[in-house]
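Across the two complexes that follow, subunit A remains constant while its partner is subunit B and subsequently subunit C.
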Partner chain A sequence: MLRALRIYGAAALLLIFVAFPLYWMAITSLKPQTEVFRVPPTWLPERWTLEHYVELFLLTDFGRLFLNSLQVCLMSTFMALAVGILGAYALARLKVRGKEAYGRMVLLAYMFPGALLIIPLLLLFRQLGLTNSHLGLSLAYLTFAVPFVMWVMRDFFASIPIDLEEAALIDGASRLGALWDVVLPQAVPGIIATGIFAFLFAWNEYLFALILISDEALRTLPPGMMRFVSTTDTNWGLIMAASTLATLPMALAFGLIQRYLVTGLGAGGVKG
Partner chain B sequence: MASDTPQGAVRTFEDGAVRERAGAARTLASTLLDRHLGIILLLPSALTFLVLLVFPLAYGIYTSFFERHVLDPEGTWVGLGNYVWLFTNPNFWHSLLISTFWAGATVGLQIVLGTAVALLLHQSFQGRSLVRGLVLFPYMMPVVSVILVWMLLYNALYGVINYVLVQTGIVSRPIAWLSQPDSAFWSVVFVGVWKYFPFVVVIVLARLQVIPQDLYEAARIDGAGPIARFFDITLPQLRDVLLVVALLRTIFMFNNFEIVFLLTGGGPLRATMTLPILVYEQAFGVYELGRGSAIAVVMFFILIAVMSVYFAFLRKEND
Partner chain C sequence: MATVRLDRLHKEFRSIGGAVHALRDLTLDIADGEFVSLVGPSGCGKSTALRIIAGLETPTSGRVLFDGQDITGLEPRDRNIAMVFQSYALYPHMSVRQNLEYGLRKRGVPREERERKVAAIGAMLQITPLFDRRPRQLSGGQRQRVALGRALIRDPAVFLLDEPLSNLDAKLRVHMRAELAALHQKVRTTMIYVTHDQLEAMTLSDRIIVMNHGVMQQVGTPEEVYSRPANRFVAEFIGTPSMNMIEGTLRPEGGRLLFSAPGITVPVPPAAARQGTTGQATLGIRPEDISLVPPGTPGAIPAQVTVSELAGAERFHFIALNGHSVIVRTPAATVLHPGETVALGLDPERLHLFSGAGEDAAAIR
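What follows is the complex of A and B.
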């Protein structure tokens, strides 16, 4: 009895610690402007309103920021999956000289800090005309997305039983055919989970987005949202509405991949 | 292996010869493809790394030997000048110290909190899967959303944290958490712990689930209490995974730019000026690209040092 009480007490504390900021974000976005600044604060809105969400789409460029982010993140995720899956399969299954060293290099690449890369990337991208370009930004995101996909998918491929693949090879399939027809269909859950993580890392990224894109029309969500703090006279209701909407893709993805979270997080460690 | 079992084994008499030739050609091509498939599949990633990581890294090192700014965009060779500037500049040593404190404090607290929460979520209780799911939210939440909501919570005038602390009498008047040197550091540490401790929870929880139960049974029979069981069984079993997690998190936190930069911008009075922010300040604040690159190169060597400890540890593990 006492033990149960302790466990539920601890769980309740944990819930408050984790969920209160989320709750406060959502609830503030639903309060009218005057109520947001009230002391003592109201724990539930006295008057529920969607005015900040309407404002967000009518008076700010939030919609465009959101679409720009979506475009960049989708491009970089698909490129990273295409490049990373092929490499991961080779690392997991094929005989290649020096692949252990290559695998270590991939992990090292994955640890590269953005602050280390941003100066040379900016200079390089200027030369190539890739600044102020969604393609350029999504290429920059490959610096962490490709190593991530390779690292996680290598373990995932290694965990798939080799028997079916061998049977396909004995039946006369080529290696590539076996990868396409036998291995990939089994790997779909892993690919989806990995892809979602790669998407989220890109969705969250701030430094590259800030430096590589200066054209307001092309700006993505993270630097775009930080601009609201100074330009809108700190309208916290509006800012919390934007924060809530920016969290939505994460919440949706979360429902999809909850079962695979341990795969994604456990295999080699996740960027962040 | 495919070459041992050529395709086209089922064939009719009429076109058998034709099929056999086609089969042989296909087999040769696919044998060649199969033999070099590993290299072929690794090529796109190798190209990506070469263009987007290796070349920029080399170019960054190259840039660190130049004085390069707005008035001199092509740059002037200064040899080790930027490094001399760096190592004789108190701001660099200050930032190295701040970065070390920041990484040490956030990782230490993440490990302690993450392990405690993993132990809690390993117990069975009603609603456990809901709590397990919710615990991951801070980690998955976009950094900018995290920053904005904590700015609101920390706000000196109408922030909830101040309201609760004043009401309960813990502090006598509201604190401007993020704009005073002494409170700013621990305020950003708190956010860093809140956002990233779920990473530790997931990995420790996965490890807890594979500790053999009979170890605990044996200890219970020997009369060991819960605290003794934790120190004698759980902690030794978790030791290796905790070391790996601590190393990974140290690298990530040491390199983390966004959390601190967006909350305080490195201030007040450089109290939270970590190395990544110093790079940003030099490169994009005062446009000294050479100096910024030199700091980045130093960070790279710190990364290499920590990673080689990690790889040495993994090698020891595998033996």
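What follows is the complex of A and C.
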């Protein structure tokens, strides 16, 4: 009994630590401007209002930022999965000379701090005409997303019994046919989980988006939202409303990922 | 339907520590419609050989020929083979029907023909009621049948089976073994069967290939391999309980050749004696070829019973013989007690002699 109490107590503390900022964000976005700065603060709005949300869509370009972010993130996620899955499969299954070393280098690339990459990338992209382009930004995100997908999916593929592919090869499938018909259906949980992670990474990314995109019309959410902070004034209600809306896709995604992470880890079953 | 020829197949797996020879110079001809088993302990190269025939592995050197045609470089899908895996390897996300159909689909077989073939296989293997189930909803025996069906449906030229029965429980294994034998009678396709279970190999095969350390030890009918093992390894591997082995020497004496070990002296049969081999040797004799004789019989060897085991219709007696331990097989009615002294008679016609003591010691005939 006491033990359960302690565990639940610790869990509650952790929950408060993690969830309170989210709660505060949501609650602040629903308070009128006058209530946002009140001391002592109110735990629930005295007057519930959607004025910041209305303002967000009428007075700022939040909608466009959101759609820009969505476009970049979907593009980079799709490309990362397409490239990363093939790469991971090759690392897991094909006999490639030096693939162990290559696999380790991929992990190293993933650990490389983005801040070090951004200047060379900017110079490179400028010459290629990829600055101020959603394609360019998506490609830049691949520097992180592809190694991530490869690293996770490689282990995932390795856990799928090789007999299945070999059976498909003998049944008349090509390598890619076996991958498509037999391996990928087993890997769906892993693909969804890594896809969502890759998406979230791009969704939250600030530095690359700030530096590679200077055209206002093409900006994505994280740098776009920074403009709500000005030198003289910060419209906290507006920022909180924008943050709440920007967090929603992530919350939804994690709702999905939970289930797939569990089934993903339980995958395998050699005997079919 | 096809003949299979393996021509000096050689396979090395290179690793940082050096090369492992999985297969050395395997040459073998398999007739059309023959049931051939590759048998040996794990790591003997039997699975590597099968995977090379399937095209899942490339030989380091050597060729595979089907009907005289070199197919060494062909992809598995271009070889017209079917394979049953130890794990069955049924596609988990497909129903039984889809599993059966997959190979036909991949080969562009029209829908009506697919349906006809699936129905025929379903009836033949009695799996029609399972068609809409997923593999995980099937029992081991049912999965085995579906895996067989998936291989049979394509009418392959060569049928490869990689330890297909070893995931089944003992009773089901005997049952499926009989079904497999009946199936081969019916379809008469060339079948190559890999197993570590010598009994499966003995009961199913037209010919057995015994392998060890990547080297073919003997090829022959089950009868030949059992009664005329080519070397000590084959002699000990085939048959349960194993052949008794007594190490000693061969020496000429009084115009005859004698095998002698502490406490035992046996005249060598004339045929083997003609080869004139002398020196270190091993005497082998199967448990059923040792008889209990009345004490005082000329040539009888006195010995003590250690343990007696009843195995249903027969008994195995563990008998100490001057420091050697031998197993004697008798009908269940022959009761011996531990500590009892008995006299053993060795049937001279059924002695096996091997020159040397290692497992590769060749038979002297």
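Note that in this section the second predicted complex is superposed on the first by the 257 of 272 C-alpha atoms of A that agree within 3 Å, B and C clash if a C-alpha of one lies under 4 Å from a C-alpha of the other, contacts with A are read in each partner's own complex, and residues count from 1 in each chain.
Here is the rule we use: a contact is a pair of C-beta atoms (placed from the backbone, for glycine too) under 8 Å apart; a residue touches a chain by one contact, two chains touch by 3 or more.
Remember, predicted model here, so these are calculated numbers, not experimental data.
Going by the contact rule stated at the top, is it subunit B or subunit C that touches a larger number of residues on subunit A?
Of the two chains, more subunit A residues are contacted by B.
May I ask you to decide whether A:Q186 touches subunit B, subunit C, both, or neither, giving the answer as first, second, both or neither?
In the superposition, A:Q186 contacts subunit C only.
Thinking of the overlay built on chain A, is A:I7 touched by subunit B (first), by subunit C (second), by both, or by neither?
first
Which holds for A:L256: it touches subunit B only (first), subunit C only (second), both, or neither?
In the superposition, A:L256 contacts neither subunit B nor subunit C.
May I ask you to decide whether A:V54 touches subunit B, subunit C, both, or neither, giving the answer as first, second, both or neither?
A:V54 sits against neither subunit B nor subunit C.
Taking the superposition on A as described, I'd like to know which of subunit B and subunit C A:D163 touches: first, second, both or neither.
Once the two structures are laid over each other on A, A:D163 reaches subunit C alone.
Output check: A:A19 vs subunit B and subunit C. Expected answer is one of first, second, both, neither. What do you get?
First partner only.
Report for A:L135: first if it touches subunit B alone, second if subunit C alone, otherwise both or neither.
Touch partners of A:L135: none, neither subunit B nor subunit C.
Taking the superposition as given, does A:L67 touch the first partner, subunit B, the second, subunit C, both, or neither?
Touch status of A:L67: no partner.
Determine where on subunit A the residues touched by subunit B overlap those touched by subunit C, and list them.
Touching subunit B in the first complex and subunit C in the second, residues 166, 169-174, 269-272 of subunit A appear in both lists.
Taking the touch rule as given, give the residues of subunit C at its contact with subunit A in the complex, in rising order.
Residues 54-56, 75-77, 81-83, 85-93, 102-103, 106-107, 135-136, 140, 143, 150, 154, 167.
Using the touch rule from the top, collect the residues of subunit B that touch subunit A in their complex.
Those residues of subunit B that touch subunit A are 1-2, 5-7, 9, 30, 33-34, 37-39, 41-42, 44-46, 48-49, 52-53, 55-57, 59-60, 63, 117, 120, 123, 125, 127-128, 131, 133-153, 157-158, 160, 163, 167, 194, 196, 199, 202-203, 206, 244-245, 248, 251-252, 254-255, 257-258, 262, 275-276, 279-280, 283-284, 289, 292-293, 296-297, 299-300, 303-304, 307, 311.
Residue numbers of subunit A touching subunit C in their complex, please.
For this pair, the touching residues of subunit A are 161, 163-164, 166-174, 177, 181-182, 185-186, 269-272.
Help me check something: in the complex, which residues belonging to subunit A touch subunit B?
Touch residues, subunit A against subunit B: 4, 7-8, 10-11, 14-15, 17-19, 21-22, 24-25, 28, 36-41, 82-84, 86-87, 89-91, 94-96, 99, 102, 104-109, 111-121, 123-124, 139-140, 142-143, 146-147, 150, 166, 169-176, 200, 203-204, 206-207, 211, 221-222, 225-226, 229, 236, 239-240, 242-244, 246-247, 250, 253-254, 258, 261-262, 265-266, 269-272.
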